[in-house]
Structure formats: structure tokens, C-alpha cells
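Structures follow.
Next come two complexes, and both contain chain A; in the first it sits with chain B, in the second with chain C.
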Partner chain A sequence: MAGWLNFRSLNQEGIVFAIAVVLFVAAAIGLPGFIDPNNLVAIVRSVSVLGILALGMAVVIIGRGIDLSAVAIMAMSVAWYLQLLNTGTPDGLAFAYVLAGVLAIGLLNGFLVAYADVPAIFVTLATGSFVFGYVRSQLITQDAVPVPQGHWVELLGGLRFLDVPIEVFVFAGLAFLFFLFLRYTKWGRYIYFAGDNPVAARNIGIPVRPMLVLRYVLSAFVALIAGLLTAASLHSINTRVVNSTLLYDIVLVAVIGGIGLSGGRGGVRNVLVGAALIGILLNAMTIIDIPLLYQNLIKAAILLGAIIVDGIINPRDEQTAQQGDI
Partner chain B sequence: MTFRERLQSWRYNLVPDHLVGEILTKRWTDNAIPFLALVVTLATFGSIIPGFFKLSSLQESTRQLGEFSMVVTGMTVVMLGGGIDLSVGSIFALSCFSAVYVFFILEQSIWLALAASLATGLVFGAINGYLVGYLRLRAFLTTLVTFIFGRALFDILVITYAADVQLSTATSDVLDFIGDSAFWGLSVSVWLAIILAIVTHIALTRSRPGWHVLAVGGSRRSAHNAGIRVRRTVFMTYVFSGFCASIGGFLIACRLSGAGPGTGLNLEIMALTAAVVGGVSLGGGRGSVIKGLMGAIIVLTMTNGLIRLGYGTGTNQMVLGIMLAVAVTIDIRWLKNRHKVLNEVYVAPVYLKMGETQSAVPGSGTPYALDNRLSSADHIGLGELEGPEDVILDRDDNLYCGTRHGEIVRFFAPDYVRSEVFAHIGGFPLGLAFDKSGNLISCVGAMGLYSVSPEREVKRLSAETSRSWTSIVDDARLRDPNDCDIAPDGRIYFTDSTKRYDAHDWALDSIENRATGRLLVYDPRDGSTRTLLDGYRYTNGVCMAHDGKSLFFAESWACRVHRYWLEGPKAGTAECVIRDMPGYPDNINRASDGNYWMAWLGMRTPSFDLSLRHPDMRKRMTRRLPQDEWLFPNINTGGVVKFNEKGGIVEAMGDLTGGAHPMVTSMREHKGYLFVGGILNNRIGRYKIRGADPNWTSPASYWGAQP
Partner chain C sequence: MKLIRTLMAAATALAVTAFVAPTFAADDPGPAAYAQALKGKRVMLVPLAMGFDLAQGWAHYLKKEVEAWGGTFETRDPNWVVDAGAQAITDAISSDTRPDVLIIHAPDLNSYSKLMKKAQAAGTYVILVDNPANFPADAFVGSDWDRLGQLEAEAAIKGCGENSSKKIGLVQGDQANSSSLYQYAGIMKVLDKHPDFKVVAKPDSNWDATTSRNVTTTMLQQNPDICSIIDFWDGDATGASAAIRDAKLDGKVFLVTTGGGEKAADCDKLNDGTYGAVVMTDLARQSGDMNAIIKFLLQSGQPAGTSHTYIYTLEKATTKADLKPDSCWDLKALQAEAAAK
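Coming up: the complex of A and B.
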């Protein structure tokens, strides 16, 4: 029993951070070109978009929810935006449309979860499928939509500061903002209360339901930002990303960093730790030249391990678990 | 009657709004929405797509339906057990690949390919089951991860072996048969799906493992507390789902003779949508295989129909997303609000104008005028008893009564201090009677008519009567058997007070005031139960007349007593002998002087009588006020009334202090004493009747002197 307690006091974030450090050192020693500054920048850059999405996901998960529509919103909102630009819609109007669309989906998610009491997992699965299907079949004509020549999104992709791409700074800035929000604002603290014990939070007068809606709207906007950065660096957006494993990478970053799926625990630091581990891992696997399909297999295995560990560290309480909480 | 009241009586007595509530109590209403959706979907696509119902086009879609509905059947079982299985698409694809690999690349027999398929599915299902069932991980995320894992594995395998499969020359008649042929217009896969569905349905509804699955899904904690092995049951549901998906995978391997990157793609969201659209509840316990199949047909018709209508990439996902969101929301809202709606609409009061009555006020000079005699009764079992609705004495002077705890308690003569539990039945034993051979017959509330032998052997005599064709609520069941008495020929006449409420909801029945009480007869010679009379407002006490040729029965909420003739010129008919009493009558029993004792469970009040003429007001009351504030019959004052063979009132007595016997539901005369019981009382009263025959006993009056 004592050993168990020790194990528990050694929290997941610490373990993961230690593993990331060990992995980093091992890769630095074992893999040629890993420690190269350009490669290190590449690592940070590669996890920036992932990390931004994971920030949004983290806020939702801390509030005891999950947002499976994040990737669909990310890809499809930007694809629609670029499609509107390509067909000649004025930039401001197009952006307003997209903002309204993203807001609408965030509100819909939040409304169904908060006011219709539908489990988040089903709501966001359904809206994700809907967003992808609707935009793909009704609003855009092909899988990949290019960024128009000379548009600010393209310029954004070329921006460098001290040879570091702009998305790294966006990630850092957003992480800092989320940190301030979660740690020092009233609404940020509310998220923890609501995630830890929604009924108690409601009983002490926290507006649990509006806060829920806010989280999904926030997550949707974060997804839009991530989508713009993706389009900026790739000069196009490929909607097939929705069917890829990106979504699970996001959950992986959040969960492996130590944000408990049962809510109320974790913060921005966990996202950073999770993103660091995944970034190093992906980069190392790429350097070793493991094919993408095998990388998926390995990531799935790691995610499974993370969920099992999460299940052991934050066990579900059979007596208080909600019926139908799956 | 004023015009307003006439309108009210038409509105509330002729419009059958109670049927809405009765329909809502039926489990099959859960199926109504999915079934409607099915009909609408089929009709829509059938009419806009030319040749939709043509055999050749049906053939192809039904093959797909066979495979798909198998996967849905597995998903349904998992969902019924309270979980979810998102890895079905991967299992399906991997099983398909296993079959293809064994058959085309290893060139083994098709049966070995089937075995490989099944093994893949079972192993995969077992992994899911172990993680979710035994490690108790979250089903959704865990199966999502195993889904990605399986998909990644499948993608690697397909790319690696695609060329080899193309080059293979293996053929098999069995494979072609399974893939392409049809019996009686239906393809092999559909037949297999139907067989699987039937077997699963029977297993779920009629076998122990199936019940365990439903119990675990319905309430995991209760299932655990009831001794069901929850973890193993959950484990088995995932193994079963893996099994179903693997058969589906094998069938598609036979149909397409290969496996491609598209095999099983989006299958998990389709299967999930199908199950939810069909009405299988998230969180478990509610749903059936049939619902899953309905959902499968809806989803497949929609997606195939849209493809055939020429909508582009992504339309499927859009429609699936909408269907899933709508179905899940409806499911959650329906589950949450169904009982609320039911509570809102079930009570449907009717209009009744009670007749003018004589006063029962002490000293008012009417025959009903109550006095305070019962307050001087001795008490028996004070504080030990809860709810002696009826009391009875045997030939040896021992006293019996039922209690709220489902027991029949016996107090020993002569002082009635010592007691024992004579028999435990369960339910709430109400009316009691001794038959000729000394068996104690009891109407047990919410259970039926029971007999307890002198050796304390409990036997059920009757729990149902014939079902009437026009009733929506199941009126075969006895919901509130209330009192019984036995004719000289041994037939047991008993009342069932209401068809619409359970015994403990008698107050709701009084507020609704709908005439659904019945008089029934149980014939011990052939064990049959028949309904003799129907349509009374809460039939209650029953008593054989002294000559055994007729019986009296009380109609509580109408404050009337009727006489039902067993023989003679009026046999089989009932006539009202006492009407418009000031109290609500309960049990009736014989008195030593040739008259009858009748208990009053409560007294009429002008306010409640007035409310009976305002059904709209009572409806609003039950909907908007908490139960504590409802207006219902006054049961704080009751009494005992003696009436004669003609229905004339001889005397009335009560407990005006309300201290000992406020509500009287039964009384039994025995050797000059009157034993008084009350369903809400905590004692039995014993009152010495002045001038009564000190040797008269009820068993002797019914069955003659001691043999």
C-alpha cells in the first residue's frame, strides 16, 4: 500500500516530463542531427499546431467534457474561408462568415451538452461528422483548398522572428493566455470547480451551463486559429486531415500530459509537457525513418497505455459515476 | 345541472384523455419514433429514387444490410450492457483481412478462413472486454483507441499484401455461394443476419446471460449488489460484438473476394448511429435487437439513397452527423422526460356530482349521527402493528391481521398480548376470510388472491382475470385486490378496486374518480377467475348475506353499497341498496343480530364533493401542487355503521377524539366484541358491543358449528 501511495504522489506530469527528458537525451546521443538547432525548431514547430489544439481540448477536458469536433472545425472552417476567398468573396465578409460559422458550431456543441444534457462525446462526434460532411459536400469542391496568392495567410506562413516560425510564438502566447485565464480569472477557476464536481459547482451558484457553452466556443475558436496556422505553413488546407489520427494526437497530448479525463485536474503546463513528449517522439520516429502507418500504430499503443494509466491513477468511482457516463 | 357543469361532464366524462397516459405507460411507445422514422425514410427514398424497390437493386443493398445489421446487433448488445464499441469497424476490416489472407494467400479451405475471421474478432473483442470490463476503463475512449490501433494495423496489412491477393488464383464454390447466391429472394448474408438477430433476441429476452446484460446496463450498481458478475458480463458483451463484427467481415470477404482500404471505413459511426436512431439507449438497459435492426435499415437506406441520388463526398457524414445528434438528443430527452410527461397526463379526473347526503354530525338526529363509542375500545398490538387493514378471528378465538410489511400476524387468545408472524406473503395483505376447511384467504394488495393453510402454507389462488379487448392498460392483472368473501359453495368473491393505479396510489384514484373497480369471482373447482361486474368507483368491502344468496359490496368513492344476487330471479345483477352516505365505505362484515357492519374509511366533505364537480381543477391540482397539498377524501374521521338486510341504517359509531380509531377500514364481530382495524392505524381496537350475542362467531355463522 505504501508503494502505491508513493506511486500516486509521483504524479503523471512528473513521470512524463522525466520520460521526455530521458528520451531527449537518448535521441540527442543516439540520433544524428537531432540536437541540431534547426531540428529543435522543427520539433517545436511540429507540435505548435497540435499544442494549440490541445490547449482548447485541455480546457474542455478540465471541465469534464471532450471535443471530438476540434479537427473538423479546424480544417473545415479554414477550407471554407479559403474557398470563399478563391471564389471572390471580400476578405472581411468571408472572415465574418467563417467566424459566425465557428461560433455557431461552438454554441451548438455547448448548447447540446449543457442544456440538452447529451454526453459531450456524442454531441461532438456528431457535430464533427456534420461539419466535415456539410462543408465538404456543400461548400467546397475538392479535398484540398489552396491559399490565394499574396493573401495574409500566406504571408503569415513566411513570418520569422529570430529564425523561429510565427506559429511557435502563437503557441507560446496562447499558452500564456490560457495559463492566465485558468489560473487567475474567476471563470478559469469555475472550470475546475465544474469539472471536479458539476453538481456541487451548480449548488454553490456557479453558472455551470453557460460556462460549458463558453468552453466549447473557446475550443472552436482555438481550432480556427490552429487551422489558419496550418494553412499558413502549408499554403493550403487538406480536409482529409479530419479522417487522420490528428484528433487522437490531440487527446494524446492532453491525456499523456496528465489532464485527467474525469475533469478538474491539470493545466497548461500539462499540455506543454505532453506536447514536448509527443514532439520528441514523432521527430525521433521520423529520423529513424519509421513509416507513417507504423507511427500511427505506435501512437495508438502509447495512447492506450496513457488511458490505462489514467484509469488506474484516476479510477472511476463506481458509486458516484453517472449512469450512462461512458 | 348548470350549463357549465354539463359542459364539464361532457368534456371530462366522454373524452377519453386517460388513454394518453395509458398508452405512454407502454414500453412499445419507445419504438414508435424509430418506427415512424423507418417508414418515413423508406417512403421518401422509395418515392424519389426510381426503381428503389426493384428486386435487383434491393438485392445489392440487402447484402450490405446483412453485413451491416450483424455489426449493429453486436453494437446493440454492447450498448444494452451500458458500453459502446467503436472498434467494430476495425474488427470488421481485420476479420475480413484474416479471411482473405487465409483463403487467398495461404490458399487454405474456406472453413479455415472462417475460423481465422472468428478468431480475430473474438480476440479483438476480448481485448476490448478486458480493458473496459475488467480494468473498467472508459468504453468510448478505450474502444476509440483500439479502433485506431486496429485501423493502423489493417492499413499496414492491406498495403503489404494487396498485390498477393490480386495474384491469387484460389477459388471456392462455397465462397461464391456465400457471396453471391440467394434463397427465396434473400441473400445468404441476410439470412445469417436474421438468424443471428433472432438468436440474440431470444438470448436477451429469455435467458439468464441476456437478463444479466440488461440488468448491468440498466443499473450497474444494483446488478453488482444483486450478485451479478458485472465485469464478466461487460467483458462478454464486447466479445459478442467482436464475434458479430467478424462474421460481418467474413461475409464481405466472400462478397468482394478481397479487402481494400475502404473496408469497414466509417462503420463505427454508422453502426452507432443505427443503434441510437433505432432507439437503443445510450447508457444501457433499454433497447432491443429489433430496434437496432430498424436503425440499421434507416441508416443504410439514407446513405445508399443519397449516394444514388448523386450527392457528393461528405454527404454521408453530414447526414450521419445530423441523424446521430438528433437521435441522441431525442433519446436523452425522452428518457429524462418520459416519466414527467406520464406524471403530467396520467391522472385524468372525471366529473361526478355526488348526491345530497344526511349529516353524520353527532346529535344531528339522523341515523348516521356518529358518537364517541369507539374511543373507549381497548387496544391490541399497539405500536407493534403497522396497517391492520382487515382483522379476522378463527374458531379458537385467535386474531389475525395483515400488515404493511407483507405479513399476516396472529395474536393468541385469550388476551391477545402474545403474537407471531403467521405467514409472510409480501405485498400488503388486505381483506381476509376463512374458508370451510380453515384456510385463510387474503386479498394481497398489488399481488392477488392468496390462501394460507392452517399449516401456514402460502398458495397463490389467482393473480389475473381475463383481459378485456378494449382496455389499453393491462386489466388482466389484479392491481388492487381489496376484500374477499366466500360463498357457501366455496367460490371466492373479491373486489379489485382500480385498474389504473397500484394499491398505494389509492389517493390518486380517488382524485381521478374514474369508475374502474371490479367485482370478480374465483372458482376453486377449476381455478378460474372471472370478472362479474366492472365500472364502479373503487369497489371495496365484500360480504355474503346471511342466507348466502346474495352479497353486499361497497363502492367507496361513490359512497354506495350494492347488492349482487348469486341466485334467485335477479341472479347475476346488482342493485344499489344504500346510496349517498356521508362516509366512504370500506369492508363489510356480518353482525350477530342478522345485520351487517360496515367500516367508513373517511367522511365526505363539501369541499371534496365540490371538487368532484370540477375535474379541471383537480387536474391542475395534481399537476401543479406538491402531493402534500392536494385535496383528497378526508380520512381523519371514520366510523362503523350497522345496516340491515334492506339497506336501512341501524346505528353508527365513531371515535370523535381521533385518538384511537380515526380511520376505520374493517371490523369483525366475535363473541360479543367488535375488533376494529385501520389501514393507517398502529393497533387493533376491541370494543364490547352492548347486547350482542356473546357466543356468535363469524366462522360458525359461515360454516356452521364446530364439526
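Coming up: the complex of A and C.
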């Protein structure tokens, strides 16, 4: 009976965590070199940018929203920044432009969702396309924009502490900050109320709308950081990433870790669990040298499996049935 | 005497002018026929995207030439989206201003086959560029990817040397694009002849630099003694090179890739040692080939879809040692030239 109860209390986060642990142990035993500290660092690094983006996405989703413009903001803001630098704009001015642009898009997203009452999924889909289209056609000339030689972004990419790349520390630091924000600040706690039941939250006097705006600004800003880290490592940014599956991977990391799309649930831990699973999975499959087609199939099968198991042991309740997901 | 000589000379000159000059001036039918066949014809280029070096280079050289003979040159930018490319081709075929020549950069072996057939049925010549497809186009202009793969493998073997680990890693593109599949086949052909060289891993980058970096990191982690890596495109080889740099293996791993021979993308990186060898496409010559076949088809009088020509671009693996000032073309210079107009 106790075992049954334990099984019942397993939620999606628990299931995904268990799968991640099983995979990790299996890979550690079966794959030579997997357990090597350098490989473990490589795993964390490979999901750092994804994880950072997922943190921003998580905060938005917990507040019952979604930000589909994250990848466009990430790639296009940095592409524009590098283009400005390459055409001779002073660094400080270029960065100020780009920061202003990023915050403006975050504000626009938030304003349209909060005050114009347009569903987040449409707003951010549209602003994402707008950002990509405008920057690509008006502000930059090439898909790939290189980092100028010797610029701080290039130096940032080479930065190591104890042989661990900088983006791992940025990911860890941001995760900790987001944890503090969500857990210990008033506005952080309010996000859960607003995500769980926006009308009730508003009735008890929570500033639901300004908070909504803040979340989208936060997400946009986090995207800029992720973009800078990407450019730092590759010494260039390729705007083609906007067409890739990165956006879905971000939502996936958040959702697979157990952050419900219906809002009000989850936290930083869920993002970490989701990122860990994806990281371990991709690394193990690369070591085994599984072709990309099968990698996608395996990834999809495991994720689908986790969702199905979650559906069985955590049936949808009255509330989600009524409100639906986003 | 002098008078007679002068008279004779004058008479001869007169005779020559009277007899020869009209023949040369009036009877060369070339320019008129050329102008009549080409004037006002429409050429459209549908690349995978307009935002990368190859497409921008082709467009530059094609536009210059097509407009010089009085034609119209247009491009469409599907921005790497296969559906958008299909839409662009469909619209072009059914529009009032249907192009007379359609130059298509196919995303994979099959996607556009039906559309290209429709274009030919409507009377439009179809030229495939760079990526072959399962379709009998009027002409294919581009790389023989199998041969290109062989050149890469030969460069990698040479870069490794006899006393190396003889371990080679591949970073493939994907499993759908013909350029990736044929490149792989070519590499394996050469490696089969050198059984002491081994491919230790062959992950896909999906043409994405971050993915290329991640898989290369893992590959080097598992096989730190790899002597050469072949990345299937310079567009994502920046990721493989980042992984090599991060593993502090610069100079120890000979990175081979292929690209359009653009200065910043290829020559600068050969020069600073990021790439060991690049199999570069001679873009100006490839565009010249396209221009020639366009001019030929439009004058041939042959209905679209009845001839099948393959024009492979001469490829060569270039290393730092054989870099010359004109090894690469400069996209920035072309853009400046276009902006100055």
C-alpha cells in the first residue's frame, strides 16, 4: 500500500528526474568517457543557453503565458549589436540601442497581453516574426554576423573558471536569482497567484497587469543574455537559429520538467530537471553515434512517454478541465 | 613611278574597303540573333535563402549579366523554409510574368520535383544550382559533391600525416540534403582506399553551429587524439572550430570544411589557422557557367525539359600554403559595389 501511495505521489518532475537518473547511471556504466568530469561539464554547457532561455520562459508560463518571441529576440538583438559594431558604432552606444530595443519588445509583448487582452500566443508569435523580419531585412545584411576581433564578447567566450566555461556559471547564477525571485520576493509569489487564477488575484489587489509586463520584459532580457553567450562561444551569431527547433526545445525543457502550461505551477527546479534530461540524452546519443533522425525519434518517444505516464498518474483535475491549457 | 605606286596602293585600299568592309559590318548575324533571343527574358533565382554568401554572390553575378543583355533578374527569399520556396516557385509559374529561366537551389532530393516539372510544362527552363535533386532539370550547375567529399578526405589524410593517430571525425549536415549524403559517400570512398584511417564518429550538425560545437566537444572528449575533423559546411564549422579551441587542441586537429570561397568565411579563417583546408567553390566561375547555360538555353529553341546537362564546378582543396590574394571573393566588396550604384 505504501508503495502504491509513493507511486501516486510521483509527479511529472519526479518521473523525468527518475528517467534522467536512470539514463545517467546507464550511460555512466555503459559508455566509456561519459562520467569523465570534462564530459559532465560539456553536458551542462551544452544545455546552458537552452536552460537560460527556459528560465525566462518558465517565469512567463507560470504566470499563464508563453513567449514565442524569445529565440527571435535572442538572435536578432545580438546580430544587430554585432552589425552596429562592425559598421563602426561605438560599443556603448550600440549596446544602449540594442538594450533599448530588447526592452521595448518586452514592453510591447507585455502591454499587448496585459492591457490589450490579446492572447500571449498570438502576440509573441507576431512580435517574434516582426523582430526577425525587421532586423533581418533592415538592420543586417547577412544571416551570420561575426564578432569583431578582440571584442569583449569574443573574450567572454574564452573565459574559464576552474576550466568550466562561463555560460555554466551564468546559467547557475541566473537559476539562483530566478529561484530567489520566485520563492522569496512578493512579486515572485504573486506570479503563482496570477497564473493560477488571474481574476481572483486581481480581486485581492495584486497588480496583475504591471506584473505581466514585467515577466515579458524579463524574458526578453534573458534572451539577450543567451544570445550574447551564444555569440561569445561561436564568435558569430547566425540568425538562422530562429528557424530551428530551439523555440520548441525551450518550451519542452520547461514543460517536460513539470511546469504546467495552465500556469501557477512549477519553478526553477523543474527547468533544471528538464535541462538535465535533455542534456544527458543528447550527450549519450552523440557518444553512441546515433544518427540525428533516430535521435529526434528517441527524444520524442521519451518525452511522449513521460507525458503519458504523467497523464495516467496525475489525471487532469476539474480546474484544468474548465480553463484548459494556454 | 611614285604616282603609279600611290595609285595602286589607293586602288588596293579602295578595293579592300569596298569588298571586305561590308561583309564584316553587315553580315555577322550574332548580335542581332543574340539580342532577339534574350531581350526582355526573365530570370529568377530561388535559393535556400538570400542571406548567405553563396546566394548573394550568385545573385550579384547573374544580375550583372542578365541586365546587361536586357533581361530582368529577380530573386525570391524563402529564408530556409522549404514551404516558402515552394510557394515562391508556384507563384512564379502561375504569374503573368512567368520567368523564362528558373534557377533553383533545392533543399533536398525531392521537395520541388513536381513544381519543377510544372515549370517546364509551362515553358520555363529549370536550372538546378549547387544541390542536385531527383529531377531531370535542363541543366545542373554546381559541385560534384561526391568528388568534393573525396577532396575533403584527401585533405584530411594529408593534414593528419603518416605518423598521426589516423582518427578522423565527421560532422555531417543532415540525412536528407543531397550535398550532405553525396559528400559522405565521397569521403568514405577515399577512406576505403586508406584502411588505416578510421572514422571514429559521424554526428550530424543539422547545419547549426551550436549543435556542431556540442557534438564536436563530445567527439573530442571521447577521442582526444583525433587528427582531423571534416565539417560538411563552413556555415556551421564555426561551431566545430569553437569546440577545438575550447579543448585547447588548436593546431592539433586539422579542420577541413567546404564553402563558397567567401573571404571572411573561408580565406580569413584559413589564414588564421581556424581551418586547415577548405574545398572552395569558385563562385565567379560557377555563376559564369550559369550565365552561359542561360544564354544557350534561351537561344537554343529547344523546348524546356528536353535537354539535361551537368556542369560541374572545378573544386580544389585550398590550404594556408596555397592561399593567393584572389583565392576568395569578397562579399563586402560586392555589397559596396551594389550600394554605390
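By our rule, the second predicted complex is superposed on the first by the 282 of 326 C-alpha atoms of A that agree within 3 Å, B and C clash if a C-alpha of one lies under 4 Å from a C-alpha of the other, contacts with A are read in each partner's own complex, and residues count from 1 in each chain.
The definition used in the following text is that contacts are C-beta pairs under 8 Å (C-beta built on N, C-alpha and C of every residue); 3 or more make two chains touch, one makes a residue touch a chain.
In this text, all values refer to a predicted model and were calculated from it rather than measured experimentally.
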item	value
Partner chain(s) touched by A:Y248 [first = chain B, second = chain C, both, neither]	first
Partner chain in contact with A:V49 - chain B first, chain C second, else both or neither	second
First (chain B), second (chain C), both or neither touched by A:T230	second
Touching partner for A:R136 - first (chain B), second (chain C), both, neither	both
Greater residue coverage of chain A in the superposed arrangement, chain B or chain C	B
First, second, both or neither for A:P119, with chain B first and chain C second	first
Touched partner set for A:A104, first chain B, second chain C, both or neither	neither
First, second, both or neither for A:I307, with chain B first and chain C second	first
Which of chain B and chain C A:L293 touches, first, second, both or neither	both
Contact residues common to both interfaces of chain A (with chain B and with chain C)	136, 143, 293
Chain A residues touching chain C - in the complex, by the definition given at the top	32-33, 36, 38-39, 42, 45-46, 49, 136, 141-144, 146, 157-158, 165, 230, 233-236, 238-241, 243-244, 282-283, 286-287, 289, 291-293
Touching residues on chain A, where the partner in the complex is chain B	112, 116-119, 121-123, 125-138, 143, 245, 248, 251, 261, 293-294, 296-297, 299-301, 303-304, 307-308, 311-312, 315-316, 318-319, 323-326
Residue numbers on chain B that touch chain A, as the complex places them	82-84, 131, 135-142, 144-146, 148-149, 151-153, 155-156, 159, 219-221, 224, 269, 272, 276, 281-284, 311-322, 324-325, 328-329, 332-333, 336
Residues of chain C defined as touching chain A within the complex	49, 51-53, 56, 79-81, 174-175, 201-204, 206-210, 213-215, 217-219, 221-222, 235, 238-239, 242, 245-246, 264-265, 331, 335
